[in-house]
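Heads up, there are several structures right after this.
Shared between the two complexes below is subunit A, which has subunit B as its partner in the first and subunit C in the second.
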Partner chain A sequence: MILGIETSCDETAAALVTEEGEIRASVVASQAELHARYGGVVPEVASRRHLELVTPVIRETLGVAGATLDDVDRIAVTQGPGLIGALLVGLAAAKALAWSRRLPLVPVDHLDGHVASLYLQPEPLEPPFLCLLASGGHTMLLDVRSHTERELLGTTLDDAAGEAFDKGARLLGLGYPGGREIDRLAQDGDPAAYAFPVARVPGLDFSFSGLKTALLYAVRDLGEEELAERRADLAASYQHAIVRALVERTQEAARQAGRDRIAIVGGVAANSELRASLPAAIAAPLSLCTDNAAMIASAARWTEPVAYPRYLALDAYASR
Partner chain B sequence: MLTLAFDTATATATSALVDDGEVLGERVSRAQSLLEDVDALLRQAGAHPSELDRLAVGIGPGSFTGVRIGLAVARGLALSLDVPGAGVSTLAALAAGAPGALAVIDAKRREVFAIVDGEPRALAPAELQLAPGTVCIGDGAIRYRDLFEERGAVVPAADDERHLPRARFHAALAGEAGPVDEIEPLYLRVPDADA
Partner chain C sequence: METLTQSPEETEALAADLAGRLAVGDVVTVSGELGSGKTTFVRGACVALGVRERVTSPTYTIGHRYHGRAVEVSHLDLYRFEGVSPAEWGDLEPYFEDAIAFVEWPEAGEGVLPSPRYAVRLRHAGDGRAVEILEC
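Moving on to the complex of A and B:
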């Protein structure tokens, strides 16, 4: 079995996944509440929490699966991108586990992990397909040709889609993380109440920063009472603008790449309007959209393992 | 009793393998390559990780990331090998390697870590009470050499080995070994929300 470890942002996660992609256990300790009072992830706070949680989460994972470390054949760990101090906690623990048992270590790219959330049982997707990866730090259109080959067709030029959700939520006075809050509130709002602009950038790229500014102006023009009344409409219209941009570009990318199958992954793939707007798309299960370690272990099935002792001085990376 | 000791809180990381007080090996490197040293130490001694009886790990104060790397390695090893451990203050280990000297660790942001009235603290280097002739050691002493010397303290040459933590002293200072998950880092500062 593969033991996956993920500590790139604000979830401390571990999972046990079989070679066939069956999840035996997947434990995610979210720090969202811890960061809520800051309105976003504070890197040092996150890193401290990862250290407290990393071994208890691994222990719990083994417990849930009824397994021991003797059942583990290799250790997969997120090497980047993410918060460097947070990544180093998971990497150090993973190296220690691997070294002490002479196991191979598989350093996994977090984004490969998000895509590999689609390769897990019970309904693993087989490439090729067009993939929209929309998360807190990334918005990418990928032509996934095989388990190991992907081409980047488009990306965001400024904010990521999840970041746009989070910043919008803050402007609307909603909690952190904001995507889920906007999603919930938007159910009661009118998506056509406000015509928020979606920047049209050439090619298959995205731009969300103008949208955030438009929301800022709309909120500023309203009094406090009025804002309370219109909050659901604002959330619905704002979400609609983001989703429309994602959907249009994703469909265009699929056409250009000649792919008839579309898949969506990453935290924003949990969005109900996005899922409803791409009814034919294959979406990762909700629990595998936001950060988790099952997707990291899954990606390790197609990532070259590093044999003992070559991984001992391995470093993490904040960005590619 | 075979003890693996290490400390990654300062820019120069240290590790040692100690058998009942006999230092089998000691190495210096950086936090990220700690396990390379540990691997070399065990290979030199012809020991397997499963033969370790105890860990002695530096808990800081020092670089937050450095402290965490050491503790995360310790926790990983303990989980895997079911080995107990003890935390050792980096300041105490430095002081043990330089009897009579005051250990001063660079805390960045124009501050140092040092023991003041028996307690580890972060403070401005100018705030340290220094009796004339006090020997100051550690990377904080090197960094603020001019200031300390002006005030009558003595700072050994930069290449003096007393400036570096040496893990043999962590092994010597380690108290009773217990669950490694319960060893707490010594940050001495609240996290910076803007950092």
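Moving on to the complex of A and C:
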């Protein structure tokens, strides 16, 4: 089995996945509840938090699977992109475990991990397909040609889609996580009430910062009472603009790449309007859309392992 | 002194001008409310410094590190922070080493982050932006 470890951002996660892509255990120690309490601000954004959690999370993963380290054939870990200190905690834990058991280590790119969440059981997707990766930190269109080859067709020029949702929620005075709050409120609103601009950038790239400014101006022009009345319409119109941008570009990318299947991964894949607008799209289960380690272990099935002891020199990277 | 800009391109041009005065080790704080053009400003400076990677918002990722023509450029965002604890400073410190560092939402890092060489303040002004660049 493959032991996956992920510590690139806020989540400390570990998972055990078989060679066939069956998840035996996947544990995520999330700070989402803490986020909610602090309105989106993380009480302490530090690698120390990962350091406290990484060993218990690995132990719990083995416990849930009823396995021991004897069952682990190799260790997969996120090498980047992410916050350097956070990545280093996971990487050091992976190196130490691999070293102590003389196991090979597989460094995995976080974005490959998101794509590989689609290769897990019970319904693994086979490439080729067009993949929309949309989360708080990333918004990308990938032409996935095989398990090992992908081409970046488009990306955001400024804010990620998930970030646009969260900052929009903040402008509307909603709670955290913003995407979910906007989605919920939008059910009661009119998506055509406000014509928010969808930025026209060349090619298959995205831009969401103009949209955020348009929402700010709309909110600024309303009084407190009026805002309360129009909040649902604003949320619905704002969400509609984000989703339209994602859908239009995704469909155009699929057309250009000649792909008839579209997959969505990342936290934004949970958005109900996005799912309704791309009804044929394949979406991973929600627990695999947000950061987790099962996807990292899954990606390792197609990534060349580094043999003992060469991986001791591996370094994390913040960005590529 | 405040300069009014009417487009992202004009904001980027101001930033490019500032970039010419920066050296490794310099810190530039970039403040302003949501949508006031902070990332746009940093992008303008980065492009002028020869960065060819996409310069995007680091709100969720906290820190980006770019390769300029002759210098490394760090791009940080403390939007999700409430103050900066010693442990958090330990994570942020490497981004200030051997680089020009731009910090969005620097307020949470006051008294902890290295002193800035320039403080940039942006605000909405009509449909444009008012940009103030202070030498510290």
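The definition used in the following text is that the second predicted complex is superposed on the first by the 308 of 320 C-alpha atoms of A that agree within 3 Å, B and C clash if a C-alpha of one lies under 4 Å from a C-alpha of the other, contacts with A are read in each partner's own complex, and residues count from 1 in each chain.
Just so we're on the same page, a residue touches a chain if its C-beta (ideal position, glycine included) is under 8 Å from a C-beta of that chain, and two chains touch if they have at least 3 such contacts.
What you see is a predicted model; the values in this text were computed from it and never measured.
Colleague: Return first, second, both or neither, reflecting whether A:Lys212 touches subunit B, subunit C, both chains, or no partner chain.
Modeller: second
Colleague: With the two structures laid over each other on chain A, which partner does A:Gly113 touch: subunit B (first), subunit C (second), both, or neither?
Modeller: Neither partner.
Colleague: For A:Asp158, is the partner it touches subunit B (first), subunit C (second), both, or none of the two (neither)?
Modeller: So A:Asp158 only meets subunit C here.
Colleague: With both complexes superposed on chain A, which partner does A:Leu83 reach: first (subunit B), second (subunit C), both or neither?
Modeller: second
Colleague: Please work out whether A:Pro177 is in contact with subunit B alone, subunit C alone, both, or neither, and reply first, second, both or neither.
Modeller: Neither partner.
Colleague: Look at A:Gly136 in the shared chain and tell me whether it touches subunit B only, subunit C only, both, or neither; answer first, second, both or neither.
Modeller: In the superposed model, A:Gly136 contacts subunit C only, not subunit B.
Colleague: Which partner does A:Ser47 contact after superposing on A: first (subunit B), second (subunit C), both, neither?
Modeller: Both partners, subunit B and subunit C.
Colleague: One more residue to check, A:Ala93. First (subunit B), second (subunit C), both or neither?
Modeller: first
Colleague: Would you check which partner chain A:Pro305 touches, where first means subunit B only, second means subunit C only, and both and neither mean what they say?
Modeller: Touch status of A:Pro305: no partner.
Colleague: Shared contact residues on subunit A for subunit B and subunit C?
Modeller: 38, 42-45, 47-48, 84-85
Colleague: Which stretch or stretches of subunit B touch subunit A in the complex?
Modeller: 32-36, 38-39, 49-50, 64-65, 68-81, 181, 185, 187, 191-193, 195
Colleague: Which residues of subunit C touch subunit A in their complex?
Modeller: 33-35, 39-40, 43, 53-54, 56-57, 59-66, 80-82, 85, 87-88, 90-91, 94-95, 124
Colleague: Which residues of subunit A touch subunit B in their complex?
Modeller: Going by the criterion above, the answer is residues 38, 42-45, 47-48, 50-51, 54-56, 58-59, 69, 84-85, 88-90, 92-97, 99-101, 309, 312-315.
Colleague: Touching residues of subunit A toward subunit C in the complex: what are they?
Modeller: 9, 38, 40-48, 81-86, 135-137, 155-160, 162-163, 167, 170-171, 209, 212-213, 216, 318-319
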